[in-house]
């Protein structure tokens, strides 16, 4: 595998560049009989769509997804599912100016050294535009998981220096930040306005949870559920850190504090984030991810060109001042894809021994 | 794949339970001609060996590794390499008492629900004893990488509440904590003594770096180098968080601060931790990992048994009061394995276009 | 992996049903810098295109391929390549009649039992129409291999009872049968006419060879070159047998006859078909494949319906009376894909030891 | 993957050279609760063991298998299973003479060009001795399949020029040839005696069948059951051809003859060999494989050495005059491993839609 496939039994393979004719994906291993229509996928795509608020890139892409195979009479058939989104708003001329330059903190320099050549238009394959297909595929996984009582949701838990406490799920969908605390939204808006004036960008922290996951998902020892979640989440553009449960806070905790005790009525805490020994425990799965600030800012930066000469780079184009703002649906998608893959792998191997021990509620 | 294999072109597959007859591994895809001998592997194994200081488990395992194939006349042949370590100090009777109990924060409950049955002796497959084979395989990867100017090293950067600044590499090997600041060692010793008196355990933070990595390693978009590092590091027992470069600190950073500017003389900073767009940049690769406190403590804890009845659990056995103490060689091994896999994958795909742009030193 | 991906480092993943909106593919792991254009792909597609002679199905599909990603300024970029062919001539009403019936020797019964439901229009995913994407991807592999002096070609070596000796390559492209002996073509035409009058179909044998393959390709012990060729060739619709070199004739041979002796001037024979111990020897790779007769014939056949009741099935639609006639470009594609994958895998693992022994010419 | 792993969800990875210290394997993905003991594995190993009759190599290997992990209290635990056989009767000095020579029709020349160096003792990794681990792993698969009513058996169907009709299964285990016709055994013995006097070797044809396989196994389009069977069987040393069902005989058949008609009472024939569209039909799976004559014969042969100079090679050592004689248990193992992998993959993906159509008996 050369990097464009995620998952093992339920797999997503994608293609597409920022300014190419189209983005596309093939989903393989989807069980038959899952109700899937373009409207459901479109709903998720609209959540991450560019141009949907004044705090994100002004590129206008309708992101209309087409299902090209694998669905017949409204349900999946079990064969591979082809998806496609045509690109419509590519202004490639925006980029010809930086054709020979390496924008700092972008993948320009590394792609150039990896492949010896690159599609420089809008970052080519390294553009976050690629994540649209993750969201479309994640919508199918979410639908499948929902049919088994599993729900994956996410929210913004920090924007730059502003921490955000979880308040309620309804609020998340009512502001462009996926902020779960409606009272914080004005502060976030003010911060973003200031950022725009400063011609700068900032990082964000996103939290994703999955409720209703049965115990038993995850494959020891290398394909632990948390390890593959970390893989999936870290593969999202701009992500620099991943935590499961208490994450880095666990470093300073004592065992007597961290261990989640059990009683017949359930676990007494969830420091572990729903994963023990790499396998889901039946508790809510909790993950946090750190996104770095957008690299494309209009403040000039020092760099070199492909001849090794020094240049000053100003990235104009149309960019998100905080890539984290649109990252919530993408993080949800990666968690849903990971869970679905593990659900299928688990039931492939394990159904010969009946488990009679009651599950903790 | 069912979870016991790591890597794609250079792969490690392992077996073995804490109290079974042996641990073993098969390494596939190792290039021919690499000098490998048991002494080199043994050296790395001795670094993580149990019973090597009073701050780790008192289980005495010589961890003698045997090379069973793939090496002929002192060098690898390119065929699969078989490794084995016989277990010698299994006191299984220590565990019969907890046969029907689920120890809190252990994998007992989750393995039971996954498989319907489990080897309860010392955690069976979920024991950190499994990591011995990672270290043995990592020694081969390290040796290969060293031949190409790449060096992977790690150190403890936090023990419970005690932060540790990096001072020098030589210190790391001169104390049982892999502590890079010799002046901190007495404080760490005192803390561990107190912990023992409290019958408790604590978490730790480990940092791993790779110097000399050429630009170009990592496969977009899902198998980015940072994503697969996160996968490998999160798959280590007790790890709850992974950061690349500035990690979670990037959340509060601005783009003008985070982006690592370039001049013909090199990068001006390394917030990215050596990875841009998922591909190595030629800078030092930097990763941090958070380990939770050891779950096995002698302080009684509430739990349930396999019949769902409440029980009080005291984990006696022989345990590390801080699993993080022996984690440094394991983290190094996972980074070395990841880099080697990516080196081979990269050169499989990419050598048809010559890169003429100078690399930054 | 759920079956729609071929290869390991250079991979082809496909989607598409006979009567869905489109067929598509993602090629991953293609080296950068390979000249690729739609015309080259189209040339190969035209060789297998339906409706191109009176001896093949009368379905008229232009099979226009679009390259959607991974190619920039005329060459591959190293990122995933998306391909698509829109279906245009689907007459789905032809099939509604057999919606509840299992056509004998088709995949209807087995897909139904595998998935519980199926796209019955023209065989859905099980249609040989799927092979178009193999041919398009194979064209890229052929182009890459050609740049390294490797040439993959095939021909029909038997049509029903009529054996065909190899005469010359030029003849192959000058008749619709891919027949290498121009003098045999009239006999083949007469046979096909008779077959049409008999409302019947027949099998065929195809031979594929690769010249210029360097020694060393193939991965012991399970991914031998011949094993993966057998995998690829047997995965073509209707194939029931695969031979490498002398194949089944080797059963009655003696070792003194079969072994290909070597002199400094080269091998003295090629019974092995270019593969020794699963690794290419530098000789011409030779494979033969057996295709069964087309299952869709207008002669009525006994079968059952989805309720288990007996029915009489007559397959009208538009069908090839000999699926083997269009199989040559498909077999070439599978051999080219297999060789390219192995070339990349081989060079990923093996370039640390210099081979000084001269290669046999 | 670098070639030493077979299967996708249920996987076998092996190591070991002919004259190294040991052979070994790791089986991953085995469901928990399968009764496994060393005696069962030993029984299968004894069927392929060298030195068991005067018609096979006189190397004396007890082939004692040890189970090192993954089995607890007599049943599998679901974790990876480690197996090992120590080599005991290596006479490496037999081989030092041919250290610099390439034996004709062996893998010497190709391994040398692939890796640049090789373990020349007894063929190293390319020795058929490697197949012992396939048989051991196959024994576990057979046991699992037997618990689900699936039985895999094989027999010799041709020895050199002598065709053998199937008579009965009991006979197969009562002679060293796995010959199903007891009346043919004297003829086979005479032929082998003559062969020995001629200092020559000969090929063989083996047939393998699986009864009780449910419909639905096999993954379209590339991982069809027949394609993966072909992969597995072709990966056995010396195999040059694989047929499913009628195989190459289908070339001359007409559609009206080949198609297996169905009635509510079942299929009326089995030309397809139990696979339609790459998916099992519920009929008996039938495969045939062609093995070339043993390459090691004492009749001198022309070859070259590693310097490219001409040499005359006489292979003394201890060799099977017909490698096909011991191939039956190996072919059974590969079929059992393939079926088990597909059974698990199928049930991972497909159990959301209930199939109500009756299965044909």
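Lettered A, B, C and D in written order, each chain numbered from 1.
Quick note on the criterion: a contact is a pair of C-beta atoms (placed from the backbone, for glycine too) under 8 Å apart; a residue touches a chain by one contact, two chains touch by 3 or more.
Which chain is which protein? Per UniProt: A, B, C, D = Chorismate synthase.
Quick caveat: nothing in here was measured; it's all calculated off a predicted structure.
> Name whichever of B-D and B-C has more C-beta pairs touching across its two chains.
Spelling it out, more C-beta pairs touch across B-D than across the other pair.
> Between chain A (Chorismate synthase) and chain B (Chorismate synthase), what distance separates the C-alpha centroids? Give it in angstrom.
For chain A (Chorismate synthase) versus chain B (Chorismate synthase), the centre distance works out to 26 Å.
> Just how far, in Å, is the C-alpha centre of chain D (Chorismate synthase) from the one of chain B (Chorismate synthase)?
38
> Between chain B (Chorismate synthase) and chain C (Chorismate synthase), what is the separation of their C-alpha centroids in Å?
Each chain reduced to its C-alpha mean, chain B (Chorismate synthase) and chain C (Chorismate synthase) end up 45 Å apart.
> Indicate the residues of chain D (Chorismate synthase) shared as contacts by at least two other chains.
Residues 1-5, 8-10, 14, 29, 32-33, 78-79, 114-117, 125, 220, 345, 349-350, 352-353 of chain D (Chorismate synthase) each touch two or more of the other chains.
> Taking touching chains as linked, do they make an open path (line), a single closed cycle (ring), a hub with spokes (star), an all-linked set (complete), or other?
complete
> Applying the document's contact rule, which stretches of chain C (Chorismate synthase) touch chain D (Chorismate synthase) when the two form their complex?
It is residues 1-6, 8, 14, 102, 104-107, 109-117, 123, 125-126, 130, 158, 160-161, 195, 198, 200-205, 214-224, 226-235, 237, 239-264, 268, 271-273, 275-282, 290-297, 299, 301-304, 306-310, 324, 345-346, 349-350, 352-355, 357-360 of chain C (Chorismate synthase) that touch chain D (Chorismate synthase).
> Along chain B (Chorismate synthase), where are the residues that touch chain C (Chorismate synthase) in the complex?
Spelled out, the residues of chain B (Chorismate synthase) in touch with chain C (Chorismate synthase) are 9-10, 29-34, 78-79, 220, 344-345, 347-353.
> Would you mind writing out the residues of chain B (Chorismate synthase) in touch with chain D (Chorismate synthase) in their complex?
Interface residues on the chain B (Chorismate synthase) side: 1-5, 8-11, 13-17, 20-24, 26, 28-29, 32-33, 66, 68-70, 72, 75, 77-82, 84, 114-119, 124-125.
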